[in-house]
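Structures for review follow.
In what comes next, chain A is part of two complexes: it sits with chain B in the first one and with chain C in the second one.
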Partner chain A sequence: MSKTRDTAKAGGLTRRQLLGSSAALLVGASGTARALSYTDTPEWQPFSNIAATPVDDDADWQFFTPDEAATVEAIVERLIPADDLSVSGKDAGCAVFIDRQLAGLYGDYERRYMHGPFQAGTPQQGDQSPLTPQQRYRLGLASLDDHCRNTQDALFKDLGGEQRDAILAQLESGDIALDDIDSVAFFEIVLQNTMEGFFADPMYGGNRDMVAWKMVGFPGARYDYRDYIERHNEDLAFEPVSIQGRGDWSTPA
Partner chain B sequence: MATKLPRTDAVVVGLGWAGAIIANELVDAGLSVVGVERGPWRDTAKDFNIASVTDELRYAQRQELMLRTAQNTITMRNTPSQTALPMRQWGSFHPGNGTGGAGNHWAGITFRFQPEEFRLRSHLEERYGAGSIPDELSLQDWGTDWNEMEPHYDAFEKLAGTSGRAANLARGRQAGGNPFEGVRSSDYPTPPLKQPYSPTLFADTAREMGYQPFPVPSSLVSETYTNPLGVTMGPCTFCGFCTNYGCANYSKASSITTVLPTLIRKDNFEARTLCEVLRVTTDSDGRRATGIVYVDSAGRQWEQPADIVVIAAFTFENVRLMLTSNIGEAYDPITRRGTTGRNYAYQTANSVQLFFDDKNFNPFIGAGAVGMGIDEFNNDNFDHSGLGFFGGGSTRVTPIGAAPINSRPTPPGTPRWGSQWKRSTVDNYASTMSIGCEASNYASPNNYLSLDPTYRDRLGRPLLRITFDFTDNDLKMAQYVTDKVTEIAKRMNPRQMVAKPRTGPWDGRPYQSSHVVGGFVMGADPSHSSVNKYLQVWDVPNLFVVGASAFPQNPGYNPTGTVGALAFKAADGIVNHYLRRPGEMITT
Partner chain C sequence: MTTRIGFTLLGLAGTSLVALSSSASAASTEYQDIEHGRYLSVVGDCAACHTESDAQPLAGGVSLETPFGTLMAPNITPDAKTGLGDWTFDDFKAAMTEGIGKGGYHLYPAMPYPTYTLMRDEDLRDLWAYLQTVDPVDHEVDANQLPFPFNIRLAMMGWNWLNFEDTDFAPDPDQPDDINRGAYLVEGLGHCGTCHTPRNFMGGEGGDKFSGAVIDNWYAPDITPDAHKGIGGWSEDELVEYLKTGGNRYDFASGPMADEVRHSSQYWTDEDLHAVARYLQSGAGLADDWQAEAAPAALDAENAQVSAGSAIYFDRCAGCHTPDGSGETGMFPQLAGSPVVNGDDPTSLIRVVLAGSRAVATDAKPTAPAMPALGWNLSDDDVANVLTFVRNSWGNAADAVSAEEVAELRATLQDE
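Up next is the complex of A and B:
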């Protein structure tokens, strides 16, 4: 058993007080964590700090408006087009992934240093924007549609594949200036999040059916290659596994 | 106002590698010790489980184990004339947080520095002449030597279960190890790890070219191992979720897998987590540390008086705490006076990428420190006469795993999206490898640490400011070693090769290494160093500042073997010398 000091002496809550609140169990992962004093064998609960909650793929959009979601789907389907190698980024769930990320703790940069003064520096000094990911998407998607309305008389999502590709390429190179946000910065965050969604564990909403892992040959959430490490230059033909297992492991209801 | 707590014999700030080692040694010597750690208590079974550690989004992208920049970060600029701006997201380096420190998510490569390193200035002047070191380099000796360091390296390797193959044993030489290493009192505690394909291919080619490849020394244990503290570790399974992740197998050495499981059960030790130390308190003339002040997660401030204060909070926070506590004189790059913040250095990371058609490296099989290396181009292992630079790097192939958000090599010129991108990603995923050259970084008068005049942390305290760029010396060295590595790469006969020597200016965005050193360096001369060879602060005898902050410059090796050895050295200084004459500088 753990010996814990009283609050005043230890400079924090006791262990027992902490364990009373399950929200506080995510020590370090949330703002509710409290200072603790440990002596003797710390009482921990196995797995208490490991859970990342799988997203609900079928739920409504959690951050995007339906219009925004349609625009994001129209983007990710061009960044990762359907072809003989895989389904599109849209069908792999990349827009769902981005939506859930924006609705979660990434969305408002709760972990990021966000104090000013905000000023542009050298490229080597990195991202200095005061905008959170939520703001970047909200402003970027609206500005993108403004641009398309002005130049094509249509919304981005209603343009053909090649037209969308051309606009995305111009955002990437900075040849298009958007009204409310730096176009390159907007393109970069969308590209980054799209690739994260495509290649991350499917529990986050993208990489559906482990499509990206099958495509490149990444075995996923395996943990023991001792029997394989010395099998050099050989195709090991692993079926991928996700953190939640694999579809064919569970009996259909 | 801080509430004053009852005094303790010793307080140790930071429970990463250095802090946990020292705390344990002091407790064993009979002292009552309080360890204060700004992050949470971390434990393998609670935090790192096979069922969930394999999560690239959470650990590599969202940086779960790293210090949140919202809590504390640094500001950076390349030259003193620029305005430093905050690093809002970790890029170049990945500082840790919580018990275990950066040791939870480190890679585990565990080198000893070579004997010449500890007297680098003297060594280079003896070999190349008194005036041979250019003015842009402020190289200096460490104030200690190999004979003093070797037992402490040995102790650290035994604590960590380091795997490897010795070459230069006191009882005689043996083949297959690193022929450039200093003489060792004993072999590695565990045998080398098994090797995947890419390091094997590299080593075969290097051997054909006359080089002497060796397994990279690694604190990822190769077999079940029980260390001298009685803590048992399990064999590494090459899971490939290693660097930036915690280990679920108790295979990767860190303070939570090697020290804390026993330390926390000892009667006279207490760990306080989620408590961030704000400053060291001193008596009125600043010649004695009286304790520390910390803030807990509820925002309450506490003063912990102690007879001995040990700061082991990683390079950045070691230096920031000294600056905010007015310990020593802040370094001024114009007058070159002052020692706190002086001789900050980094690592010069170079690489050559090799694209093949006919190979399958199974790159997802990997570990932070599995691999093969050569040392022919490292440090002063080759003749620098007429080359116009000093230093060199450790050349090696260490496949760390290939989780695909980050590991998607494509040749230069490939689009970053669309069908062509996808085709190239699929074609190159399994058939690309890279040879790295982790090279030295030599201190220079314009590279230093100071307090930022503008940016503050959430508590209103100034952030640490880094002023740093690569010197001409290091850029020339980078080109030279990368050319040498390219010769080996060519011989391996890839379809395409991309050489990436480090070029300036230092860029804070891409990850390079977390090997940030200096700023509170050790030495024999107080005008050019902050601590003596026992890591004892000049003029404040009961204060010890321990970590890579004590390195006067950085050789072409990873730092942690030496950080661990210095932690044992500081503990030896306290237990075997300081306690005999408390309140005095150790003079032996």
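Up next is the complex of A and C:
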């Protein structure tokens, strides 16, 4: 059981329970009426919220083996390289983000229909793979290292930056065929998750110190800017705020 | 089915025999008397304690947590076995005005007889007439669940001697009729002081009338005419709006007051509500030498707690309550100049930030907007700092809130 799942339970319903109970309501209602109607005020409980627990950056890897983690770090370091604008995807915590997501609800596509039939489908029909994200990473990372061993006589993580870039470009274009997984599909999920980790709230492991938000000037988890909406072409100098807050929240020690 | 009707008829016959035998105090069967009695039962909010389930009105069973232990409000339907079926009007009157139950036992003052004692005889009669019309419910309630020694009812003799004065309402000849009507409602059946006046160590009403008190981990705010932390800054219409609809621009009724508005004051006549507002805002019920305390000086914006709190407020609160604390009327309470924000005790403020709160839904304002719980997101320090900021900004001024207070209430509420 992952931390994420336990947390969802402590907060009340898990998403699966919620979906299940909604479905039951719909089924129950369909026999007699086409719509649900509520009277009186909706039920309310103190402390009601589904709060996520921030990931612990220093904890052990939750899904990846240490070798897998090193490979993922070697990938995200090249997808988002350190430059004048920001630190690298590795230093921003993207691998930690992906690891924790794979260990949680996302990892086994708990919320998706994952039973057959599985057919190739057209590009417009989107992802039709029977593989869960956990399986895609496990198979993809192993196949990638197999490929590197065969062609470079080294593991991916031990290659230089430019070599890694070249291999990643070949994965993206489909010029490399991995053994156990479609190389384009593998590249796409890693790129997608890396971007998510880079821009997601820091509480999920990536975007450390709100580095990505500072880079693009995104002010973070605030709600209302009516007082600023008319102030065009002006640096409003907002310090970004995470779901967990920011430095100014604390009194000086 | 037949059998049940037979029993009912038999029961009715029994009741009317009893009624005949004590005809001197027979309950009125006139519609206007009964209807007036029903209105009085709403004003007194009998249902708050005596109705556990809407399916069985006034059949008792609501637990009352007191500092001394648990009491359970009894069944006051006319059921002969488990309710007041064999009581006479005089028995009822003794309970309401002296705290003496049928047979001479002492009621606990969780039953507000110390204020009901002010009720006029004709009102007691109408209330009694109404109670005769309620469906009798067979529902046994064990009222006294107090631990030793508080479970000894006779101890209430001593309590009464120290805390209770058996008086009738005496209108003040120097005051106009509406103020006197307000006094009768506030001091008697409305029993406002039961929550809003601080209790002494025995649970009797202490000094500093209407100056606010903590009950059930909520702060029943100051309802004196103090303009800073009482209701002196509200217009008469704003106070009436609060009682009638459950909220005005500063405040929504929450916690125990939500129950009061839901069951009681939203149904009071406008005349009665205006009388109450005039009486409370005139300060006529307070000591002759009462005057509002001088408002404290607001903490400086450079104060460390205020400064940290301002960042938290901007990030987490300003979206709804707006950066200048003016809120949105009807949806998000105005914090600037809000008396409960300026109140002596921050319990309610800490509570709604930690656990959230849903306002009362009334016929007039059915939306019942809710404040989300922020206890998962804000630490004890954060809550203390943001409340200290709110209590010392935009003209507000009140003591800082400490992280220890927040931690204590957090633990208490999570155990509830």
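Just so it is clear, the second predicted complex is superposed on the first by the 200 of 253 C-alpha atoms of A that agree within 3 Å, B and C clash if a C-alpha of one lies under 4 Å from a C-alpha of the other, contacts with A are read in each partner's own complex, and residues count from 1 in each chain.
Basically, contacts are C-beta pairs under 8 Å (C-beta built on N, C-alpha and C of every residue); 3 or more make two chains touch, one makes a residue touch a chain.
Since the structure is predicted, the reported quantities are computational estimates derived from the model, not experimental observations.
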Touched partner set for A:Val216, first chain B, second chain C, both or neither: first
Which of chain B and chain C A:Asp224 touches, first, second, both or neither: both
Which of chain B and chain C A:Arg246 touches, first, second, both or neither: second
Contact residues of chain A, present in both the chain B and the chain C interface: 11, 40-41, 44, 46-49, 51, 221-224, 243
Residue ranges of chain C in contact with chain A within the complex: 304-305, 307-308, 311-312, 314-315, 318-320, 322-323, 354-358, 361, 366, 368, 370, 372-373, 375-377, 381-382, 385, 413-414, 416
Residues of chain A touching chain B in the complex: 5, 8-13, 27-29, 33-42, 44-52, 78-81, 83, 85-86, 106, 110-115, 117, 119, 121-128, 165, 168, 172, 191, 194-196, 199-201, 204, 212-213, 215-226, 228-236, 243
Residues of chain A that touch chain C when the two form their complex: 11, 40-41, 44, 46-49, 51, 221-224, 227, 241, 243-246, 248-252
In the complex, chain B residues that touch chain A: 3, 5-6, 39-43, 45-58, 61-64, 68-70, 73, 76-78, 82-83, 85-89, 91, 97-98, 194-197, 200, 235, 237-241, 248-249, 264-265, 269-275, 294, 296-298, 300, 302, 359-362, 364-365, 370, 402-405, 408, 416-419, 422-423, 425-426, 429-430, 454-456, 458, 505-509
